[in-house]
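Once you've had a glance at the structure underneath, I'll fire off some questions.
Labels run A, B, C and D following the written order; every chain starts at residue 1.
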Amino acid sequence: MKTITMPSFGADMEQGKLTEWNVKPGDTVHKGEIIATIETMKGLIDMEVFDDGVIEQLLIEPGSEVPVGEPIATLRRLGDVAVEAPPVKAPLVEKSATPLQTDQAAHISSPPPETTATIASQPDLALSANQGHQTSPLISPAARYQAELQGINWGALPAGSGPNGAIVLADLERYIQADQQQLNVTTPTAAPRSIEQDVNTLKMRQAIAAVVSQSKREIPHYYLSHDISLTHALQWLKKYNEDRQPESRILINALIYCAIAKALQKFPAFNGFYQNNQFQPAEQVHLGNAINLRQGGLMVAAIHNAEALSPVSMMDKLKDQVIRAREGHLKMSEMQDATITISNLGDRGSDSILGVIFPPQVALLGIGRVREVAWVEGQHIKPVTIVSISLAADHRVTDGHDGARLLNKINKLLQKPEQLV
Amino acid sequence: MTTANTKPHINKTHLHFLLKQMVRIRRFEEKCAELYMQEKIRGFLHLYIGEEAVAVGVMKVLQDEDAVVATYREHGHALAKGLSMNAVMAEMFGKMTGSSRGRGGSMHIFDASKRFYGGNAIVAGALPMAVGLALADKMQNRNRVTVCFFGEGAAAEGEFHESLNLAKLWSLPVLFVCENNMYAMGTALSISESEQHIFKKAQGYGLAAVEVDGMNVVDVEAAAQKCCSAIRQGEGPHLIECHTYRFRGHSMFDTQLYRSPDEVSSWQQKGPIVQLKQWLEQNGKLDQTEWQQIEKEVQQEIEEAVTFAEQSELEPNSALCRDVYQESA
Amino acid sequence: MHNTVQEQLTYREAMREAIREAMLHDANVFLMGEDVGHYGGCYAVSKGLLQEFGESRIIDTPLSESGFVGAGIGAAMGGMRPIVEVMTVNFSLLALDQIVNNAATLRHMSGGQISVPIVIRMATGAGKQLAAQHSHSLENWYAHVPGIKVIAPATVADARYMLAMALADPDPVMLFEHVMLYNHKAPVPNPTDCPAMAQAVVRKQGPDITLVSYGGSLLKALEAAHALAEQQINAEVIDLRCLRPLDTETLFASVNKTHRLLVVDEGWRTGSLAGEICALVAEHCFWTLDAPPQRVCSQEVPIPYPKHLEEAATPQVEQIVTTAKQIMYR
Amino acid sequence: MKDKAALTHFLLERIKAIAPDSDTDDLDPDEDMRDELDLDSMDFLRLLESIAKQLNINIPEMDYNKITTLNTMVSYLSERQSSL
């Protein structure tokens, strides 16, 4: 028997809300199958199962929000002996819980009643949500409840207008409104945004804020940048794409990613995790692809074993991942275990990017805009399409010299695209 | 006052009835004491042993529709008023079949159908209630008597005085029966009252009040007959002070430091049962067979009551809060 | 003239009308108490009733609170529907034994056999400079006791129609009349102006803060709500009406809406009904509270005689407004 | 689908599907479409995939510079369709 627990999709995730079960007790499942959808600060994530087996019990109901590590289901793996089921945890809805008034529920994003009841009847759960903050701000129960309900990290909110700076409902509403206005200014959109969208954006901003703050606090970054001519790569690409339907074409990104993955294989000091004052290199290269979400924010999804991928498979992965990320259907394994992150501003961004490392990783590679420059080659100046690839790396693990060698290696690989295949 | 109703009709059957009633109460309570030791009965258990003549004598002259309001020493009154021994015993056991559904225990035996209104454990607290019951009868033109039993200790409470005054003021059909057993728990009447004749206090409020030998069931019955008759004639409240004695402690946990064993044994010698039994034997109205028959029948009734109580169900916890208010439909 | 001026009724007259109506409606109803007959009632509620119904049904009692309250209990057990008037709540303490040990317990103690359908009326509260033995608000003591019901009509309509509900109730009902309400006037009410006995009523709706009150404090709470409205605080005012059983449904619904609670109660703060309401709200509405529940109660002092001190000792409008603003963080 | 209006409608629909929150209502048909709508190369490729599948028109990379605005893309597609 195996207990399936609320997964952690990141070090900064403390709880998750089960929005949907895709299985029921008695269902046979296979490794990798999606068994549930989990809502996190970062959005909806599909949860996969890691063993073949039969679902014995579902321990929580959709709508329940539970801390990471809390059992949510049990699985009888192949070979496990069926045991008598322990008593099912009583439904999380308690009679004593006072349902919110409907008029109140209406202006939030219609939470399922179970959620309301669960939080109301499990103060410990709500408490645990912000344990990480050593100096939690004062917050009224109502504001806190609303914050929890909307997934807002109230621990990170500024002082409110209540006594001793306590955050009260009015502060929370102002905060959400302000955030909404800001979003409306920066992303001109036709349709009025739903509160739910705002809340998701808010959640994501908070997650990003937490991660980058921690990174900049703890990691001594150093930065290098290298302009790389794409002449050869583009020539190869042009030829490759020439006779192909759009669905089979490859974008330059796929080549660059392949080059990076292969280069990292040679420089493992940039690929791995720094934890407990120690660097542990990873055996495979799981490229974390920072995907810009159209509605704002970004997600990092890993491309597993990237060093082994051809440009074609790399392209397939990238395409699939972007589409799923924008629909909120990434798998949790993709979210969890990137060994290095690539931040790609795309072909329409700035010339280069000096990024922030995503802990516990030790490096981040930034890909700038693919652009035309005046390029000196020998005694000549000629127009050349280049890309600036930059490196932000953890000085505790590597030095600038190592970084320069990594970038050089990427450059060399991109000059011989045919070898990437 | 008509003479026809003032004297009890003394014959063998009548006296055997009185004797048996007193034996029922005595043996029942002896069994209760035993069951108390075995922890089958808990709470306070106040035994009436020694005072049976009062309840039995008074109750003999009552009719079914007359009301009785008693104290926490009320097992005898309940049995004499006609409550079944089964219901009273089951109440002691706290069972659902008890006269108060087990909610009252020894001190709160009720039976509205028998017009037996407790089982009241606040000294003198039930006197105003008895006045009210009589007031209702008067207002509704019902010719009924409400009998209110209380100990001499109640005479020190304000409610005693308020009640006697109201009853007389409004000329209500109440018979107050003071069971003067000389001790309010352990406090002797002599050290608690300036006027130790309770009936005189009643006379002060204008009530017709008498004192009788409370150990003599025939005397008690005669006095009660006379008073009730007058009350039914519309002559207002009466009071009888019965001089009696409890042979056992106030409750089960009483070391009786306040009285001497000699005093107890001297009263025991003139106990109500022994007194009547001796008189009957001496006058050839009770033989050994008849006595044994009484004892046997009583024993059987008690055994049945214990079995009934033992076998009855306890109220489930889920029903805890019933009967706080009338259940809404 | 009848066309232009709507007919008015005082609280006192409404209560008298209620008693009259009950007596006319049911021959088993009678009124007894100190000075209810020849004197016409200490607060003149029963004035004229002796002449109308006679001494057999309007009964002057001696000063024997325990005796006549107990007699009322006995009469109720005997099939009557007594209305027992105790002059003030302070005097009712002399009948506490009858009310708490008998009226409240008899049904349960007898396993459900005995009903005590009595109504015990009494004046309560401060405001008439009657000092420390005639001014207290001890309703909460009775509301503590299972087996009795406690009501506090605060409006003319409730004074007019709640008595009939109390008399129809099979259980003992304590009815509290705040002394400052007797002269309060309102248009002659209809029975429809008076909802069920145990139902709390929202006297004024508002989204910002819930003011809970009853009896003599209701008018103060309403006045405070109007003052608050001028400062853009729109308070909801709940009249509890029935202190036992409490209509928690109405209470919680309001607090869940406004997220803020202020209880106005003329009882002393320590161990008050206001404290009970705050506790209930803390237990059941914790996650909707945006501010700590607060109370405006009487100061911890026997009510003093001088007017200024009496006012200082009891809840006043200004204090309610100030406290409400604090709760609003304003 | 030879009607230019229908083509325009089709394209905007597809763009909406690929980039749901892009503000196609305010799109200037003569401005660079990818700039206006913030379409990256992946989005653009997906648009071309749709066109290939639904209109059966394969736009080669060498023609990318002919389809930078909505109007030019519509014209381009219209021509290609008529030449089919």
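As a working rule, a residue touches a chain if its C-beta (ideal position, glycine included) is under 8 Å from a C-beta of that chain, and two chains touch if they have at least 3 such contacts.
Because the structure is predicted, anything quoted here is derived from the model rather than measured.
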Chain pair bearing the highest count of C-beta contacts: B-C
Chain of greatest Cα-centre distance to chain C: D
Where chain A and chain B are represented by their mean Cα positions, the distance between them in whole Å: 85
Chain A and chain C: spacing of chain centres that average the CA atoms, whole Å: 61
Chain centre separation in whole Å, for chain D relative to chain C (CA means): 76
Inter-centroid spacing, chain C versus chain B (mean Cα positions, whole Å): 41
Multi-chain contact residues (two or more partners), chain B: none
Chain-level touch network, classified as line, ring, star, complete or other: line
Pairs of chains satisfying the touch condition: A-C, A-D, B-C
Chain C residues within the chain A interface of the complex: 252-253, 256-257, 259, 284-291, 329
Chain A residues within the chain D interface of the complex: 187-191, 238, 241-242, 245-247, 249, 251-253, 292, 294-295, 318-319, 322-323, 346-348
Residue ranges of chain D in contact with chain A within the complex: 19-26, 34-35, 38, 40-42, 45-46, 48-49, 51-53, 58-62
Residues of chain C defined as touching chain B within the complex: 28, 30, 56, 61-62, 64, 66-80, 82, 97-98, 101-102, 106-115, 146-147, 149, 170-171
Chain B residues within the chain C interface of the complex: 67, 98-104, 108, 110-113, 117-120, 122, 125-137, 139-140, 158-159, 162-163, 165-166, 169, 322-326
